[in-house]
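Several structures are given next for inspection.
Each of the two complexes below includes subunit A, the first together with subunit B, the second together with subunit C.
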Partner chain A sequence: MLKQVEGSISTAEAIGLCRPEVICAYPITPQTHIVEGLGRMVRSGELKNCEFINVESEFGALSACIGSSAAGARTYTATSSQGLLFMAEAVYNASGMGLPIVMTLGTRAIGAPINIWNDHSDAMSMRDAGWMQLFAETNQESVDLHIQAFRLAEAVSMPVMVCVDGFILTHAVERVDVPAQAEVDAFLPPYDPVQVVDPREPISIGAMVGPDAFTEVKYLQNYKQNLALKLIPDLASDFKKRFGRDSGGLLRTYRTEDAEMVVVAMGSVNGTIKDTIDEMRADGFSIGLVTLVSYRPFPTEELRNALKGRKHVVVVDKSFAIGMGGQLAADVDHALRNVDGAPHALSCIAGLGGRPITRASLRELFRKARKEPWEGMLFLDLNQKVVATEIEHMGSMRRSGPIAENLLRRLSVTPAAE
Partner chain B sequence: MNDAVKELEPTQKLKFYQKGTFTVGNRLVSDSDRTVQASLDRSNAITCGHRACQGCGEALGARYAVDAAMRATNGNLIVVNATGCLEVFTTPYPETAWQVAWVHSLFGNAAAVATGVAAAMRVKGRKEVRVFAQGGDGGTTDIGFGCLSGMFERNDDVLYVCYDNEGYMNTGVQRSSATPPAARTATTDVVGAEPGNVFGTGKSLPKIAMAHGIPYVATATVADLHDLERKVTKAMSIHGARYIHVHVPCPLGWGAASHDTIRLARLAVESGFFPVFEAEHGVVTGSRKIRHRIPVAEYLKPQKRFAHLFKGGEDPRVARLQEIADRNIAEYDLLAHEGNV
Partner chain C sequence: MLQIRIHGRGGQGVVTAAEMLSVAAFLEGKHAQAFPSFGSERTGAPVVSFCRIDDKEIRLREPIMEPDVLIVQDPTLFKVIDVFQGLKRDGYLLVNSNKSFAELGLAHAAAKLPTGHARVVAASEIAVKHIGRPLPNAVLLGAFAALSGTVRLQSVAAAIREAFSGKVAEANVAAATEAFEAAASAAAAA
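Moving on, here comes the complex of A and B:
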């Protein structure tokens, strides 16, 4: 049914349609509205046969999910930022145990300095944790990806994180088509676990594994993600057949047919990039876009095919590994490794801590990529003056004080507009 | 059963015990009071072949506690285990000593995992299946404390059993918040001005559990396995959050002889150093009386972790440990008096 609705609410409705049996989460902005919505649905009886558990922390939340999933219940949780870090140990544990939990990550920056706004630092912090990670571009895709996520997770018995940009999507009111229960039921069969703790068939799960078998257990985790690489496109096409929409898949291309320059990005920023591409195409600039939906598993081959033969590749990362560079950029480099005449991949870091990514800045960025390509990271819209002043200040005295507060003070004296 | 004993039963409460040990053997009690292990159809949740040290109190306590819970639930039990000695010595890959549905996730989350298992059982209509979480003192009083308090506060239908060997044994005997003052651990070494663990630190988890107002809290020791089984059985007859704190000597960590495990647990009780009691909804309902009071030094002396207290003359800190025992005796009414046996 088409409706004008906040992203968190349509996402919550989609999760409800997946008939989760246990929901356990801890509040953190910007994930809150999703969980509140689900809590309301369970209390009102709209969502039947579901236990909604309020817990004392994110670590407790994912731990309870581990218990319910291991006991054979379809299980859901949601978090953001600090919350994901607080559950980090359980994040690895859930995937190591092969539990098909579905999590929404309302993506948000990680402190310090504390910041509630969107970027992808949280998702990137767990990119190696063994979870599959799917990035939604729109609230419609958030709805659709969650429905696919449960089927994907349960098919390979591995957890899936659906990354939905905090505020930009979670709090945006958009037109969304929320499917009917019968349609979702037909797409998503009841959960049939591959392993379950049950007194009827007592087994031990979570045993200590030494050097004799650890490599093999990890190999099989990776094997499952490889299976998912094949499964994700199948799910997307089955989804399209039933629901009539292109949603999910490993990656999508936009105006890449003849493009000399191809941009690679994940999440909601793809909308702005598409608008920019349309404008630049009108000016005769040959540019296209690869929207990466599945970050884990990483579709190396599909990406390589989409990028090889191009002149320029620009990767827009909404996070970066401090002391190294953009994570997505590094993975794109990896995909281009050993490719003859591979295009030069340029890395741009943008939108950190909620900084808007404007069409004007993107246009300038893409032009610069063609005219004067750079090495390393380019920070989009970095306030060079403030940075230079602080560097000078730090060099001028030992007790230079806290950087964040120094910057804020300086910005309040010389407003950001300057 | 011995007829003479049967005759005595209705008129005389148990007041006699095996000479020298102050324990009541199976032979002296009625069938219904005998241990689970004495029955032929016992469940034997932990089989032999596990890798615990000889004389491990935790292995013994866990075996009796889980078996009692198995019997109380007719085998419809799911056990959630925290990381620690018990988890490591029972599941050396690819073997498992558990004959019960068993899951281990992390060090600090057993209570929360148990909450999740209980929720799954509820939603699936498996009313008969009960959940039993267990961990060491470190996994319970320290790193797992947040999850545990959450489980208590929500009154989730979980029995949590803590095997308190007063330290992080699995990682090589470091101090936990259950380590007694003066005890030597790897992180409270017997060096410096105040050797061993610091006085005035630590916490009583049973008391904290009681403060949550949960339906049942009890303490027990491996010196009285009947009592442990009875408490587990009772706990399984109740729904909601329940907590049992079991004192389990660790020969390796305490520097004690393997054959002294039961004796040490008994001396801990008889000295008043470890109070054995029960509480319902936050109120103490009864305590196990000391049969033969001993000075706390008798409990401390066989343990190398306290050896530094007995080098040379009487260390004044022994008196401070005695004060702890005396306070327990007063607080939990541990001395037998008329009408109270």
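Moving on, here comes the complex of A and C:
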């Protein structure tokens, strides 16, 4: 049914349609509306056979999810930013034990400095934790990816994190087609666990494993993600057959057929990039886009095929590893490794802590990539002047003070102002 | 694509206004996208929200920097921020005030727009009359329907009834209708 609703609400409705049996989450902006929506659905009885468990923290939330998933219940949680960090130990445990929990991550920056706005730092902090990570481009795709995520997670018995851009998607009101219950039921069969903690047939899950088998357990975690690489395109094509929409998959291409330059990005920024590409194409600039949906497992081969033979590749990361570079850029480099005549991937860091990514800045970026390619990271719309002044200030005295507050004073804005 | 930027203060329903407008456009079969300027919202602080309306899918996620329409829920904002920033030459301006543009010191700015594109509506007064509180957001959407013709009053009314219920919804619909008629008759007079 077509609706004009906030992204958090359509996402909550999609999760409800997946018939979760246990939801355990702790509220944190910008994910709050999703779990509040689900809480209302449980309380009103709209979502049946589901227990909503209130806990004291994010660590408690995911720990309870681990228990309920191990007991054979379809289990869901959601978090953001510092909340995901507080879950960290349990994040690794959920994947290490092979529990098919589905989590929504309302992606958001990580402090300090305190920042509630969107970027991909939180998702990237857990990219190596063994969860599959799928990035939604729109609120429609958020709905569709959650429905696919439960089937994917349960098929390989591994957890899935659906990454939805905080605020930009979670708080945007737009048109979304929310499927009917019967359609979702036909796509997503009831959960049939591969392992169940049951007092009638006692087993252990989460045992200590020493050097004699730890490597093998980890190898099999990776083996499951490799299975998922094959399964994700199949699920997307089955989804399309039933629902008529291109959602999910490993990656999607846009106007790449003859493109000399190809941009790679994840999440909601792909919409703005597509509009920019249309404008630049109209001016005769040969450019296309690869929208990466599945970040974990990483579709190395598919990405290599999409990028080899191009003249220029520009990777737009919404986070970076301090002291190293953009995480997506590094993974794109990996995909292009050992490819004859591979294009040099240019790395751009954009949209940190909620800074808007505009068509004007993207146009300038793509033109620069063709005219004057750079080494290392290019920070989109970086305020060079304020950075240079602070560097000079730091060098001028020992007690130069806190950087964040110094910058705010220089920009004459108070911490609470937008 | 029509791009609308709404300025107001925390507590005036700035975000709800953009959402209701997007619902009104959706009900007419259009694509619409509404989103707030994501900040730490506090009562009384300047707040901005955005709405895009188009006949095809809206993919753009940048803030609206060059609006076709400005809706200003609080005229004191003109002294605090550059409300007019990026407003298109042939754009529309709708201000909540019981004063004229001349009295607001905005005669020059209003005169730069095409005839009939700038309007003051005493939305807070109309709101007090119908709702009992000076909440101008839904009221101004009624005036917007008359001013731009992008959405019909009945769609605005339906959107108000989706956002609110019962007496509050009906009071807001009555207020929006009065603002629509005031703006429409002012247009006829011009």
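What we mean here is this: the second predicted complex is superposed on the first by the 412 of 418 C-alpha atoms of A that agree within 3 Å, B and C clash if a C-alpha of one lies under 4 Å from a C-alpha of the other, contacts with A are read in each partner's own complex, and residues count from 1 in each chain.
Throughout what follows, a residue touches a chain if its C-beta (ideal position, glycine included) is under 8 Å from a C-beta of that chain, and two chains touch if they have at least 3 such contacts.
Keep in mind that what you see is a predicted model, and the values were worked out from it rather than measured.
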Room on subunit A for both subunit B and subunit C (clash or fit): fit
Touched partner set for A:Cys24, first subunit B, second subunit C, both or neither: first
First, second, both or neither for A:Gly67, with subunit B first and subunit C second: first
Subunit B versus subunit C as contact partner of A:Gly244, first or second or both or neither: neither
Which of subunit B and subunit C A:Pro190 touches, first, second, both or neither: neither
More subunit A residues in contact [subunit B versus subunit C]: B
Subunit B versus subunit C as contact partner of A:Gly45, first or second or both or neither: neither
A:Pro211 touches, of subunit B and subunit C: first, second, both or neither? neither
Touched partner set for A:Gly323, first subunit B, second subunit C, both or neither: neither
Closest approach of subunit C to subunit B (Cα atoms, Å): 29
Where subunit A meets both subunit C and subunit B, residue numbers: none
Sites on subunit A touched by subunit C in the complex: 4, 6, 30, 116-118, 138, 167-168, 171-175, 268-272, 274-275, 354, 356-359, 416-418
Contact footprint of subunit A on subunit C as seen in their complex: 18-19, 22-23, 26-27, 31-40, 42, 58-63, 65
Subunit B partner contacts - residues on subunit A that touch it in the complex: 21-22, 24, 49-51, 53-57, 59-61, 63-73, 75, 89-90, 93, 97, 197-199, 201-210, 212-213
Subunit A-facing residues of subunit B, complex: 75-78, 80-81, 87-88, 91-94, 96, 98-106, 108-109, 112-124, 129, 146-147, 149-150, 153-154
